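Down below are the structures I want you to see.
Look for subunit A in each of the two complexes below; its partner is subunit B in the first and subunit C in the second.
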Partner chain A sequence: MGFILTFLARRLAQGLLIILVVSFAIFALVRMAPGDPARTILGGMASDELVEATAKEMGLRDPILVQYGRYLTGLLQGDLGNSYIKTESGGAAMANQDQGVSSRASVTTLIANTLPYTLQLAGLALLLTLVISIPIGIAGGVHAGRWQDKFAVYLSSIFVSLPNFWFAIVLALVVTARLGWIPSIGYQNFAYTILPAIVIAVEMSPIFIRSLSVSVADTLRQTFVEVAAVRGLGPRKILYGHVLRNAAVPILNLFGVQVGALLGGVLIVEYIFDYPGIGLLTVQAVTQRDFPVIQGVAILSSAIFVVVNILVDLAAARIDPRLES
Partner chain B sequence: MSISSIVAPSRRSFLKTSAVGAAALTLPAPFIKRAYGQAKKTMVFASGEPVTGNWDPTSHTVLAQINLEGFVFGQLFRTPMRSDNPTEIVWELATGQKILDLHTIEYTLRDGVTFHDGKKFGAEDVKATFEYASQPTRPAAWYPGPCEVEVVDDLTVRVHTKVGNYPAAAFYFLAGFLPIMSAKDIADQATLQARPNGTGPFKFAEQRGNTTVLKAFDGFMHGKPILDEVQFAYIGDATTRVLALMSGEIDVTERLEPEQYETLESESKVKLSRTIATENKYLHFRCDKPPFDNPILRQAAAAAIDREQVLAVMGAAGHASNNYISPVKFGYVDLENYPAYDPAKCQELLSQAGFPNGQGLPEMEYTTSTGFYPKTKEYGEVIAAMLQEQGFPIKFTVMETAAWGARLYQQAGQPSHAAMTDCGWSTGSPEPDLVLRSMFYGKAGPKGGLINGIQDADIDAALNAEQAEPDPEKRAGLIGQATGVIADKVPSLSLFTSVLLHGYRTELEGLYFFPNGPIDAVKAEFKA
Partner chain C sequence: MASEVLAGSTTIPVKRPIGPTRRLWATAWKRPEFKVGLIIFVILIGLALIFPLVTELSPVKISVKDKFLPPFFMEGGSLAHPLGTDQLGRDLFIRSLIGLQNALLISFSTVILMFIIGTTIGLVSGYKGGWVDTILMRLTDAQLSIPLIILAIVILTITRPTPLAVILVLALASWPAYARVTRSVALTERRREYVRGAKILGASDLRIMLMLVAPNILPPIAFVAILDVARMMIFEAILGFIGIGVQPPTPTFGTIISDGRKYLINAWWIATMPGAFLFLSLLSLNLMGASLERARNMLLRGTI
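Moving on to the complex of A and B:
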């Protein structure tokens, strides 16, 4: 218990530092990008006076540290600021000189509205990844050098060679447009999550399959496995109780790292399938230079990354108590 | 039993399982809805651009929202702008117009029309709309200047333009583009901005994320539309829009890429529409600074560009034209003096300007956007290569739309960005001044033309002369003269006229695509 509390305190402190660094880096970088956000909001035809007045109203002319301090104060209260572009009514306020600052949507609300869709997509993608990777990866590791292993290698090679944007378009074209089996453009019910999840799963599976194969094969060569049968343990007990348990730790760590890839995959896939999650929100924010939304999503992503990795470390320590030391 | 026997099936059992799995895939799962699930009284339109969220039509110049307003707001009349009859007028809220004198135009209004909120339409709504929307402070500067409206009776108004010092004839075609708002809404800005309220065939129901939902208006002046509902959905990616169309998730899409248009020609589930647009695409020379403040250099650059090659890149999305206005605009003629590709003349002009073979010219940046207009990057590369071939030291820069848009217009007190930039100009009326005065009039913006920054007394005089002429026939001739003067000075080069490429479901009939983007769906219906 003492270990867990110490561990949590240390990792949470590290995590907060990471989020702080990420938030400042993103905050500074988006402000170094050429172009005035006030001009973007008001449109090219707006007068300089109006642009200046709006920029001052939004605090965009204050020193960057003052702006960041203000942002951080809001962040601590759960306020990620307001979108430059999105309005409360759901439209985009770009190039609209009448749009009051007060009518711009809260970033927290925008994220809260889209996050459940992305979590649903990421959850299903992860489930599919595990359903594909675990049997194939374990079989490949147990039968190193045989057809199961070759199958795992070939399948991984094929999957890793499929660019996600291309695969997404082909899948939507064939499965949705040509065959009419599964709808996939936009979102009306759960079925719209399936094809995007398959694309992400295909993108993530190769690394899990290969890692699992290698990890299982390595564990099988360990002395404690070789002598397990002599100790009178049955094959099931050896596989599930010893081999997989030991092979699980590197896979868990890999999962922690792959969360970043999962979030990256979601961006492209949601945009192509017009899936109304964080990814689509982010791509639209980038194309419209909606800096507060970009900052909010970056901070959320880093927070997810930090939390997932803390959970992964806790789980790994639970599986292999040696890690507690 | 060994470990391997627990986790690994035999090759035979693996193949059997794979075969069963593949067979199962051919059967749609019972919980999955078929892709063709849209109710056939609902038309889903996919827009390539979002709406603004502020429903005051005078607050923006966003094409997507103008398209949406076409469903919701009524106008005094519509102008279908067919290329064989660009000046046709179809009366809507007005039943006629008459120019009474240089500064007065009279409209007689239709009786028995109501707004979506139940308010009766009348003269006070036209008065409120014209006087509010023509204020110079309104961001959507569609009006030529301020005006005053006299209410003669409930169904007659007279628009007086003396206060703005421009001829009333300016409204002759322009009024077919101006959405008419309710006087009650104009008096209450919060309500005006909160939801659109017009007299059009569809009324606003709700905003659902990126989708605006419109319902058929029972009290529409020409009878309730056949469709029950129109959903106006923003889908940013062109490929996604096409996939959604092919799968039946949407029924109509705009802004097809030329390659998509050609691919869809063989698609049985989709029909295509090709409409010559009101939009011309221009290469604007920044005339507010060297080197293109020199008209000889502009003429040389224009002579270096073979527009046939540009059109070849555009494919179905481009239409050849030889004027600064589209062929569907009032007053269009093929100009005899329009700049033509002539490398020898280009070299002659370069020498005359003091830069033989381009020697001594500074680096010239040519900026364009990607993702908004079709093929800008591709034909931009062709133009840059042609200019380089003649000795222009061109630096070609492709920018994402927001960055390009932020640098597009001339701003007071600062030099314009780059030496050349690419932009289109689309307006919803046959009225040519909406283009000519915005792009080429010396007082259009803080430094002249809104983008090129041209200030030229000859162009201004020619534009003032055509605007002041109340007789449409004589005015058409003067427009030809004015565009001829612009062609001599070449502040910009109109490369081609855009073509609107729409795709829609085969079973959908009765749509009319206006050349500026909006769609008439009053008679639209799905047929088996």
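Moving on to the complex of A and C:
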């Protein structure tokens, strides 16, 4: 138990450091953007005096470190600042309406409203990824050099070559528009999650298939597998009891590294399917130059990455106790 | 290896065995998927380089009377425009070829650049160790924690998306993988006898690090580089698709597909045909990469 606690403390400290570095880098980058945020909020019609007054009110004229300090204080309280564009009601504010800064939606609220949809999509995508890659990857590893192995290689090469945004368009065109099998574009019920999840699963599975078949094939060559056969264990028992247990750790680690790719895939796919999650929020923020939202999403995704990787390490240590030392 | 270190002072005549790099390529070449990939790739490259020079078709010239022509296999299509034309009557085949040229140019430059950045940082980190290593590796961790696409979006919304900016952003966003691999190789190599020997002989740190790069680091990441060229082509297309890649009128896969998406119901080929072209190019690179990866695994296991 003592090990787990020191481990957690160390990893949390490292994770906080990472989030600190990322948040400062993103904060500094966003401040380098051309254009005055106060002008973006008030629109082109507002007078220079009003823009200046608003900028002072928002603290935009303070030194950057002071601004960052204020941002960090807010971050600790779960406040990611306010959107430049969106209002509390969810719609986009008319740029030239004379609305105060206070009526802008908080980025935390915007993210909290969209996060459940994204989690649902990411969860289903992950499930599909495992459903695709576990049987194909294991078969490829067990029958190395045979047709199962070749099938795994060709299938993952094809999957990895499908650009996600193009594949999403083709699926929406064929499955939804032409055949009418599965609804997509927008969100009305759970069925709208299926096509986007398929696209992400196709994007993610090649690396899992490859890694799984390599580690299964490697484990099968180990002496303890031969010993298990001598001990009289059947092939099924060897596969499930020994081989898969050993192959699980690399797969878990791989998952930790791939979280970033998963989030990136979600972003593009949500945009194409008009799926109301964080990805759509981000792409809209990009087209509207709504920097507080982009900044919040970047920090959130790095926090998710850190947390998932700590969980992955904990789980890996449970599966393989040798990793504790 | 030892003979190379001493090459300056004495020459020892040794019969060199076939090196690991040669064995790697020879093994990959024996795999059918490598040949399939190479053949597709050579055909596509040849088309992309030669066809634009000999054809009358222009990738940017607008011809309203030819708009929305379907591809050759559909009714009303012809071989004059094999993949059909877009909403402005521009030929999609020639636009895809120019798009491929741009995509290859950008992705190859990106991979070379991130290879240089990544291996340099990884080498310094692994070879120097200590606080340099700690700082560089924490930076790598921080960078790995932001999805590439989000980082690219942040930077490209702020700066003007010129081809050079796209290359820089993609390279800056993906060097950490190279840094990690290089660092782990450098960590094991720096304890080897030949490195200590070279130090005693007075070789500088720079010279030793360069000596490490060529033989020990190139083969394990050759396949990563090929797979990354394909990955960068996808990212370049994604950036173009969401409007922060190389800007029109330069044809890129991303902008062509994004334009065509508006006409998906009535003229589905505008968005899908260039995408199929992109898919084929990526497939050729990924098939070669997969067989190189396989060969590398066999090399590590000592079976070739």
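Keep this in mind: the second predicted complex is superposed on the first by the 322 of 325 C-alpha atoms of A that agree within 3 Å, B and C clash if a C-alpha of one lies under 4 Å from a C-alpha of the other, contacts with A are read in each partner's own complex, and residues count from 1 in each chain.
Quick note on the criterion: contacts are C-beta pairs under 8 Å (C-beta built on N, C-alpha and C of every residue); 3 or more make two chains touch, one makes a residue touch a chain.
Quick caveat, the model's predicted, so the values are computed rather than measured.
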item	value
Partner chain in contact with A:T287 - subunit B first, subunit C second, else both or neither	both
Contacts of A:L254 with subunit B and subunit C, given as first, second, both or neither	neither
Which of subunit B and subunit C A:D48 touches, first, second, both or neither	first
Contacts of A:S157 with subunit B and subunit C, given as first, second, both or neither	second
Which of subunit B and subunit C A:I169 touches, first, second, both or neither	both
Touched partner set for A:V142, first subunit B, second subunit C, both or neither	first
Contacts of A:D36 with subunit B and subunit C, given as first, second, both or neither	first
Partner chain(s) touched by A:A177 [first = subunit B, second = subunit C, both, neither]	both
Comparing the two partners subunit B and subunit C, which touches a greater set of residues in subunit A	B
Touching partner for A:L311 - first (subunit B), second (subunit C), both, neither	neither
Shared subunit A contacts, counted only where both subunit B and subunit C touch the same residue	34, 169, 173, 177, 271, 283, 287, 289
Partner subunit A, residues of subunit C touching it in the complex	33, 138-139, 141-142, 144-151, 153-155, 157-158, 227, 230, 234, 237-238, 241-244, 253-254, 257, 261, 264-265, 268, 271-272, 275, 278-279, 282-283, 285-287, 290, 293-294, 297, 301
Residues of subunit B defined as touching subunit A within the complex	1-8, 11, 28, 31-37, 50-54, 56, 59-62, 139, 141, 193-194, 207-210, 212, 233-237, 239-240, 243-244, 246-250, 371, 400-403, 405-409, 411-413, 445, 450
Sites on subunit A touched by subunit B in the complex	34-36, 39-40, 43-48, 86-99, 103, 113, 135, 138-139, 142-143, 147-148, 169, 172-173, 176-178, 180-186, 188-191, 194, 220, 234-236, 238-239, 243, 271-274, 276, 283-284, 287-289
Complex interface listing, subunit A residues touching subunit C	14, 17-19, 21-22, 25-26, 29-30, 32-34, 153-154, 156-158, 160-166, 169-170, 173, 177, 210, 214, 218, 257, 260-261, 263-264, 267-268, 271, 282-283, 286-287, 289, 294-295, 297-298, 301-302, 305-306
